[in-house]
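The following blocks contain the structures, represented as structure tokens.
Two complexes are shown next, each including chain A; its partner changes from chain B in the first to chain C in the second.
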Partner chain A sequence: MSPASRKRPPVELLYLAVLLAYPLLVYPEDALFRLTEISIGMQLTYIFIYAILALGLNVVVGFTGLLHLGIAAFFGIGAYITGILTVPAYPFQLGFLAALALSTAGAALLGVLLGAPTLRLRGDYLAIVTLGFGEVTRFTLRNLEEITAGTRGLNPVPAPSLPVAMTVPLHWLGIEPDWSLDYRLFYYLALGLLLLVVVLLRNLEHSRLGRAWVAIREDELAATCMGINAARVKLSAFALGCGLAGMAGCLYATTLTSTAGPDAFDFNRSIIMLCCIILGGLGSVRGTLLGVFLLIGFDNVVAPILDGLIQGADINPSGNPLLTFSNWKLMIFGLALILMMRFRPEGLIPSVQIEAEMTKDLPGPRGIRAEAR
Partner chain B sequence: MPALLEMQEFYAGYGPIEVLKGISIEVRPGEIVALIGANGAGKTSTLMGISGCLRPRRGRVLWESQEIQQLPAHEIVRRGICHSPEGRKIFPRLTVLENLQMGAFSRRDRAGIERDLVHAFELFPILAERRTQAGGTLSGGEQQMLSVARALMGRPKLLLLDEPSLGLAPMIVVKIFDVVRKLNQEGMAILLVEQAARMALKLAHRGYVMEIGQITMVDKAAALLTDKRVQDAYLGE
Partner chain C sequence: MTLLKLNKLIVRFGGLTAVEDVDCVVRERQIFSIIGPNGAGKTTVFNAITGIYEPSGGTIEFRGQPLRRRLSWQVLVLCVVVGLITGFGAALVSVDVNALWRAAIKRNYARPGEPFSYAAAGHDAWNYMQGTLALDRMRGNRWAVRTPDGRRTLGYAKSHDEAEQMRSRFEKLIDAAGSTTAPVERDGKWVVRDRDDTENLASFEAEADARAVLDKYATLARDPAARRRSALVALLLGIVVGSAGTWAVWSRARRTPEVISRAGIARTFQNIRLFQNMTVLENVLTGMDRGLRGGVIRMALQLPGIRQQERAARERARRLLGFVGLAGKERMLAKNLPYGDQRRLEIARALATEPQLILLDEPAAGMNPAESIELNRLIGQIRDQGLSVLLIEHHMKVVMGISDRIAVLDYGAKIAEGTPEEVRKNPKVIAAYLGSEEVS
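After this line comes the complex of A and B, so read on.
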């Protein structure tokens, strides 16, 4: 990050403060719920989880330039590892933290196993392999009924237990934490983990490893000539990306109290995540967060509200499918992406390098920033 | 004096096509060696073979008397062979400064890197002016300078230069060759692949002539310049 941009007031901190304060104020959540019949807090929790997933994908696709079309599989693997380790049907019944660590590590390991033989493939071919792996994983989860319970999924995934250091003071305050009734516990858990991931990626981005990722994306041969071990660097990006997806999967299963069925981790999910990071800005952490907020927010909050409005207004008594908003959702989605590609191909908040490539505006903001230095 | 780099009977190719058919080349300390030849002779592949980007089918590469042909490319950089590849291959979306920092990727001595950065900017002042600009926005000549400067950031003992004159105005080429001469005077060995044979031979101490995967002549550069066959084939007289 350039010194000039560091001087700007940190807008992110403001957003963070709002997100931290939102559940504590209680009133906005209640008011919004009465208005929309949707728990915005719960939906924000899912947005945080998908943000972790998207940030993982962004390491692979955005930073390192490897087109990964099967990230949902690793999200699912994380969820199912958590399921196996925690549900009563299995003898393990580990705590949340252990499940979180093992889901992350397990997904990362599988990422390495998939990546080691295939990362020498270029562009399209790697995309096909990851796409295939995604579908294979889904069908494996479905057909391996003895282990995964098939389409029913594994449940119930128990809620995490708070450490005594937290329950005791909460008890004094008269709060008895109940994970199934109070969304705020998952909310803060997901937000906290998301924060950790963002800080980790921000630091990695400017580290030696981060620069090596970007160099590989820019030109692999040149990167090799610079003394970068391309195979290992690509594998590390793959491991981290898949690991973060696994972590998100664990959170997802815990929040949902179930692994959901295998179809929750299909190709669609991978593509939506890809759309999020392309919309927000490939290779940019802030862009990824914005992309997830807009797309998942649209999908999970705006669309149901509009559906409700249409129904409430009694325009559609006969249930005509053309008159429900959800059926137009994907078209709007596609239109938005086409418009993006036409007018702002570098994304809403692009990474500095990709912006430079796409716009080549020398006297533009970068030039001004350089002078200010 | 023992050779710094020795390529011995090096065979390599791509799939069914054998491109290098028993190449033997040596570079001694402090030397500029020119490798000239027509398109498709295998000059670029020879450099790729040295820097570890192309694996040999047979033959050896000795660096300071040790075999390196099986080492991965990033290890070879670490031993002091840096490659400015054909077509410059700068990182278009990274700034000039970031490109140069990438060149020092294999090093960890911050103070030394900082010194070499200053030195690179002395050699190519235009790069200092453009340091915050994205590499892809530089002119062809500036990109070539960046490519050379980036290779220098690895602090090479041997610099592999692939077609630094490619597509550049003669004035710019003269500038780049001046820098190459200066680097050599500072003690760096240089292996220069060029189609601009006359300029390359004027700059070099020795030269090799390459034809369809084989070395056909080797001599002092001055002798090659006056050789009838070289003149006819490569110097356009």
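After this line comes the complex of A and C, so read on.
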């Protein structure tokens, strides 16, 4: 990042502060819980996890321009690797950090194995291959009954162990040092990992590799004529994207204390993730985060709150399904996408604008003219 | 000194010959132009040089070497590794990974909290592949003899020794059942003897019972042998297919644009191919890719070395932009540049790869007279920096003004070559451009 961008505190820091403070101010969570009877903080935790997944997908689809329709498979692979390595039914029982690292590495490796033979395909053909891989993975997970426990999923995935040094500061903040009693531990774990991923991706985006990804998206032939090894660059994008998906999968399984069934990782999930990054703006980290918060947030947070309000206002005493907001969710979602495609096909925060904005802070023309003279 | 040498270059598309027997020699610090009417095959020559097309015949040498990716030990290692992965994957599928998991992991870890030994699991996995019968310890020091995958129990024993004996008897029985052994009558009983006919394995009152037992174990006998065989075949086939496939893919992609660019030949395109949604500066930085170092982790962490390198690269990119006359426009998106600037940016991006030879494909197309004079100067400066320029151009002013040597293509063949003066007077060239006079 350029030095000048550090001077002006970006608006993201404000959002981050709100997210950091939300669980510590106990009141909003309690009020929302009374209204909706679900823990909004827990839902936010899942949103953070999906944000990591979407960022991974964004590396492949947004930066490098490879249409990947099977990201949910890698999400599932991460979850199942974590499950196999940690559940008490199997003898491995690794700790959380080891499972996180191995899930990420395992999903990345499978991404490379899928990518290496198929990255020569262009556009639609690659999309079909990844789509097929997603479905194959789901059925494989279901049919390897002995290993994955079929449709039941592996559980219980144990919670991470807290370092002893953490208990005192946690007590100080009023957080119970028990993962099953207090959602806030998972909340901060997921938020922390999300932050880490965002920072690392931003760095990569502005490095040699990030430029090579975008160059391949813009014009593959010209990029190879500039000495960029297209196969290797695409493979790195695939590995990173799938690895991040695996990491999100590990977090998901740990938070849910179960791998869920194979059907939790179906085509639907891939498409929702794709919608998130298209809505937010392909190829932009900020846009991706916005897309996830809007779409998944709408699904998991806004809809239950509205349901609770309608319930609370006694508008719908007879339980009429037309007056339950959740039943309109998909329709609103579809409508929003159609309107988006009509009025803002490039997404809410497209990467082009970001690029232009970002470069505003580079040492300006004055410096160059002085140099040229 | 000779830089680029085309020797009888031929490019065919199906039955259509686009370029035929073209010879060319570009020397160091030379501006060499290729001219000719539309459709003469000029851009095809460029594409063949830069590795976009594979020449159908003839050779292209750069500094005395054919431009091909070198065979290195990494490639061979890659072939072997891919082969092993493929073979291992195929073998896993063929032995039924589900049953293997059950035999190796689940049998050794039936209840949570039991001690688990990886050695025992590995041993059991090996036994499973071999098709050896498995021994399971039950509660109360009882033992069970089971099929390799642990699904069928053949018998129970009271001690380990007894279980071992039982296993060896069952294995002999299975072995016998798998061979052509038939029950024989001894002392009024029907006896099943082992394969080598040395001992009695079981005896029955009726022949039908003995045959039934043999039939029952015959399926077990066929099973492990067939599995062993198919696993081996899958493994070997996977290794062969995987490594041969990797080799085939590698050897077909030896002459790619990337290799040629890295060897020191850069190019621009007739229909501008900039990275439209990147800024001007980023376009040039992309050209510098091969000069930058650092792995993914170092880049993700933005370690000081990487930052410094990036800063130096930006500095160089700005100098290059100043050189082609785009100073001050570095923040603009490439697609928002005016046409002439886009052409100049393509030249800057090509120069960023630090080439020894730069191929310019109609750089003056669409420029006004003032701009093409400016371009002439720029091409001259590029040569003065020690580079050679291979130029396709239609503007005769540009071509005649700066070229050291000119080759004329018509219908894919070279019809003339020489200094601008010689080419200008060549009747064949005049005929190609203006049409020949009809003899009446």
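What we mean here is this: the second predicted complex is superposed on the first by the 309 of 373 C-alpha atoms of A that agree within 3 Å, B and C clash if a C-alpha of one lies under 4 Å from a C-alpha of the other, contacts with A are read in each partner's own complex, and residues count from 1 in each chain.
Throughout what follows, contacts are C-beta pairs under 8 Å (C-beta built on N, C-alpha and C of every residue); 3 or more make two chains touch, one makes a residue touch a chain.
What you see is a predicted model, and the numbers here were worked out from it, not measured in a lab.
J.: Looking at A:245, would you say it contacts chain B, chain C, both, or neither? Reply first, second, both or neither.
T.: neither
J.: Pick one for A:149: touches chain B only (first), chain C only (second), both, or neither.
T.: In the superposed model, A:149 contacts neither chain B nor chain C.
J.: With both structures placed on chain A, which of the two partners, chain B or chain C, ends up touching more residues of chain A?
T.: Chain A has more residues touched by C than by the other partner.
J.: Answer with first, second, both or neither: which of chain B and chain C does A:113 touch in the superposed model?
T.: Touch status of A:113: second partner only.
J.: Go through the superposed model and pick first if A:209 touches only chain B, second if only chain C, both, or neither.
T.: second
J.: Touching A:225, do we find chain B (first), chain C (second), both, or neither?
T.: Both partners, chain B and chain C.
J.: Which partner does A:200 contact after superposing on A: first (chain B), second (chain C), both, neither?
T.: second
J.: Jot down the residues of chain A that show up as touching in both complexes, chain B in one and chain C in the other.
T.: 208, 211-212, 214-215, 218-219, 221-230, 356, 360, 362, 367, 369
J.: Residues of chain B touching chain A in their complex?
T.: Contacts found on chain B: 51, 53, 72-74, 77-78, 82-85, 89-95, 98, 101-103, 105-106, 132-134, 136-137, 150-151, 154.
J.: If we count contacts the way the header does, which residues on chain A are in touch with chain C in the complex?
T.: 88-91, 113, 116-117, 143-147, 200-201, 203-204, 207-209, 211-212, 214-215, 218-219, 221-231, 236, 240, 351-352, 355-356, 359-360, 362, 364-365, 367-369, 371-372
J.: Which residues, counting only chain C, touch chain A once they are in their complex?
T.: Its residues touching chain A are 50, 52, 82, 85, 97-99, 101-102, 105-106, 108-109, 112-114, 116, 245, 253, 256-258, 261-262, 266-267, 269, 273-279, 281-282, 285-287, 289-290, 292, 294, 296, 299-302, 306, 310, 318-319, 321-322, 327-328, 330-331, 333, 349-350, 352-353.
J.: Taking the complex as given, what residues does chain A use to touch chain B?
T.: Touching chain B: residues 208, 211-212, 214-215, 218-219, 221-230, 353-354, 356-357, 360, 362, 366-367, 369-370, 373 of chain A.
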